[in-house]
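Each of the next two complexes has chain A plus one more chain, namely chain B in the first and chain C in the second.
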Partner chain A sequence: MMKFLRLSLAVTIDSFFESSRNRFFTIFSVFACAAIYASLLAGIMAVDQEARVITDFGLALIELVTLAYTLFYSSSVLLREAETKTIYLVFSRPVPRGVYLAGKLAGIMLTAAVMLAGMGIIHAALLALRGFRPPQFYVWALAGSFLKLAVITAIAFLVSLFSTSAVSTMVISGILWTAGHFASEVRFMTEHSTGAAAWALRPALWLIPNFQLFNARDAAGAIGVLPAAAFTAAAAWTLAAYLCSLWLISRKEF
Partner chain B sequence: MNESAVSFSAVEKTYKRPRLLGARYHTAIKDLSFEIPRGEVTGLLGLNGAGKTTIMKLLTGLLFPTAGSVKVFGSAPTGRSAKARIGFLPELPYFPPQIKPCDALAYYGRLSGLSGPGLSLAVENAVERTGLGPHTDKRVAEFSKGMLQRLGLAQALLHDPELLVLDEPVSGLDPLAIHDIRGLLAGIHDGGRTIFLSSHSISEVEKLCDRVLIIVKGRLAVTVNRSGWESRPGGLEAIFVEAVR
Partner chain C sequence: MLRRSGPYLVAAALLAWCAGGALSGASYVSRFPPPSEIHVPAQGAAGDMFALAFGARRLFADLWFIRLMQYYGTSEFCAKQLTEEDYERCEEGMYFGKGKYLEFFSRARHVMELDPGFASAGLYAATSLAFNMERPEEAEELLRYAIKYSPREWKYLTLLAAIGYSKAQDPAAVASAITPLLGDPDCPVMVKQLAAFLNKKVGNYPAAAAIYADIAATSRDAAYVANARRELKKISKRISHR
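What follows is the complex of A and B.
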């Protein structure tokens, strides 16, 4: 067990440094800083709602920029490693494919966590510059974004194992991401549909992760603490996507 | 303890290429059986598309046979115990351009189960044996093809494997690099290790190997020992040309 953990840690660290050395990481970082600064301008225009607009706009941008990068990276990493034959050097060693997959996934999640934390600090500093304190739910909102990113990264990994290109993986994952924010609407439509429409929508209830569970900003009126169910749901979806990926990768030839 | 290093028994590998309707099948290896005794240097010769890389990948567990069985030291090559005893150099190995050779080697060493002082020593040894010593401060992006090949060889040697599987180890190298790599492989062979290599270069195979397998269209056409090609006018080249024509 310790051996597997050590192997997984080696892959995680390598994956983290590789993703953060990617030239797109720099581009996304510069864009993120500019976008967060733009939230300040939007806040100034909001006049008496300045703190709320800066907070909501900034948090949304932080999430979207991190999503864009993690989706871009996780959709292409396995395909790229197979194309460049880097994966040959890994799978010809005593590295179980599940351990490698877990390490890669953890590395990208670590990158996402660092991006969220970095941008969160910049955003909080900008709020302080305007004389506002980050609201109580702020850290929970970032935690909610992280949970969503963990789920969508695991899904992107799964999709990349059967899709033919990184673009199609990004498109499918992007659709699931969008649909996940309308999970209760999908449920409502399914419950009120009959016949073929109900048949078509029912599997969607299982396939679409409910990202509304992770929106701490929706609970801004209250303390905004994410419920334990949100963490359990994120762990369950991530694990399910990981296990499906494991099933696929263990049968995959390189 | 007397088991062969490598054993292929009636191995077949058919690739399935999915199409819009159904699939297209291509048999790359058919009814292939051979053994490689421990401590031998065995070469694999064949034209492009003959199935050499498929054999290498079957041997390292990257591909699974459609029929028959592949054994490495008596175990399936997909198992951890077999993989721990193999060092693999794929054709044209790739390393992330922004890293330094020792970082790449440390990563692959960790994946081979090395850690602590043992890992540092293994990296140091591999760097020294492959002549990468003067280039450790450079990034992989600055490496020539020959240096990349040396780095590829270094990662294969890191964990001191009992079996070295080398796919085109001298492909695209200059004569000096070929000479150095030949010397390195001869040293490894003298240490009692088993080497299985594929190459397009008949003269290299002739110089390095104890025995050569000639593959034609996925089948084993000829097996020839050193004494066999040394006693034949025209040497290994004549045997190869005759086999593939």
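What follows is the complex of A and C.
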């Protein structure tokens, strides 16, 4: 068990440094800083609501930029490693496929966490520069974004194992991302539909991960903290996607 | 070995996925209005789709609120052809906040549809409707809609009570009713201004001066700050003449 953990940690660290060396990481980081700075300008238009606008703009941008990067990386990493034959080198050593997959996934999640934390610090510094404190729910909002990103990264990994290109993986994952935010609307439609429409909509409630559960950013006014169920549900969905990926990768001839 | 355990992996994955779905279903209750209640202005449909699809209701409520302030900040009287005397009055701020602003209610309601917990926007819009545009019925409707989805928001209830007193032509009661709002960080400067004005109107100068001093010290709106400083001077003169 300890051996597997050590191997997984090695793959995680390798994956993290590989992704942070990627030139897209720099591009996204520069874009994020510029976008967060632009949120300051938008905030000025809101006069007395400047703090709220800067906070909301910044948090949304941080999440979207991290999403774009993690989706891009998780959609292409397995395909690229198969194309460059790197994966053959890894599997020629005593590295189980499950450990490799877990390490890659953890590496991307670590990258996402570092990006969220880094941009969060920059954003908080910009808020302080304008004389505001980050609101109480700030850390919860970032934690919620991380949970969403963990689930979508695991799903993107799974999709990349059966899709033909990185672009199609990103498109499918992007559709799931938006559908996940519509979960409460789907539930509303299911409750107000009858007959065949209700039967057709009901499975969607189970199939689509509810990203609104993690959306502490939008729920700030009401609760501001993530319920324990959010962490458990994120873990369950990530595990499910990982197990499916493991099944698919076990069927591949590497 | 991994290949042979394929069916078990799939079964475990399905179980885990369903567990996630069940947890989410049991613990998540939407506090937002359902889609059937979102009346999107035609030019904002794409933005609203984005707000829902990316879980950014709060951000788009902010944008709609900025648009609402810009709409209300554009003087209806000045834009039209007026006599020279009217124009001078307009420039002096005589018609500040006055006008029909026919889209005001629908725009304000749209902010509440996206984020009913946006108390500052709700208070700003309801105060403008009730006290500046003299449309208390619309203000009450807006606040009732916001309370429906934010039932714990005491500030909406407080303003609703103040609007009730204003209908009964009781400025002292209105000023007293909105006093608890003034210390709240969500209290829009417009509500503070209203409280100061009403206190001045009923002769409670120390209370009015305290509110104007607070506006001058805390607001980021230059127009309100300038007005508060002007009023503070007037009040101090009035008190010293007594």
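Points worth noting:
The rule is simple: the second predicted complex is superposed on the first by the 241 of 254 C-alpha atoms of A that agree within 3 Å, B and C clash if a C-alpha of one lies under 4 Å from a C-alpha of the other, contacts with A are read in each partner's own complex, and residues count from 1 in each chain.
The definition used in the following text is that a residue touches a chain if its C-beta (ideal position, glycine included) is under 8 Å from a C-beta of that chain, and two chains touch if they have at least 3 such contacts.
Nothing here was measured: the structure is a model prediction, and the numbers come from that model.
Of the two partner chains, chain C is the only one touched by A:Ala240; chain B is not.
Using the contact criterion defined above for the overlaid structures, shared-chain residue A:Val47 touches chain C, although it does not reach chain B. Contacts of A:Met1 after superposition on the shared chain: neither chain B nor chain C is touched. Applying the stated contact rule after C-alpha superposition, one finds that A:Ser92 touches chain B and leaves chain C untouched. Once chain A of one complex is fitted onto chain A of the other, the partner contacts of A:Phe57 are limited to chain C, with no touch recorded for chain B. The wider contact with chain A, measured as residues touched, comes from C rather than the other of chain B and chain C.
Of the two partner chains placed by superposition, only chain C is touched by A:Leu205; chain B is not. By the touch criterion stated above, A:Thr84 is placed in contact with chain B alone, chain C being left untouched. Put simply, chain A uses residues 96 to touch chain B in one complex and chain C in the other. On the chain C side of its complex with chain A, the touching residues are 2-3, 6, 9-10, 12-21, 23-28, 30-32, 34-36, 52-59, 62, 65-66, 69, 115, 117-121, 150, 188-189, 219-221.
On the side of chain B, the complex with chain A involves touching residues 57, 60-64, 80-81, 83-84, 86, 88, 90-96, 98, 107-108, 110-113, 115, 155, 165.
Residues 3, 6-7, 10-11, 14, 18, 21, 84-86, 88-96, 253-254 of chain A touch chain B in their complex.
Only residues 42, 45-50, 52-53, 56-57, 60, 64, 96-98, 177-178, 181-185, 187-189, 192, 205-207, 209-213, 215, 217-222, 227, 229-230, 232-234, 236-237, 239-241, 243-244, 246-247, 250-251 of chain A touch chain C when the two sit together in their complex.
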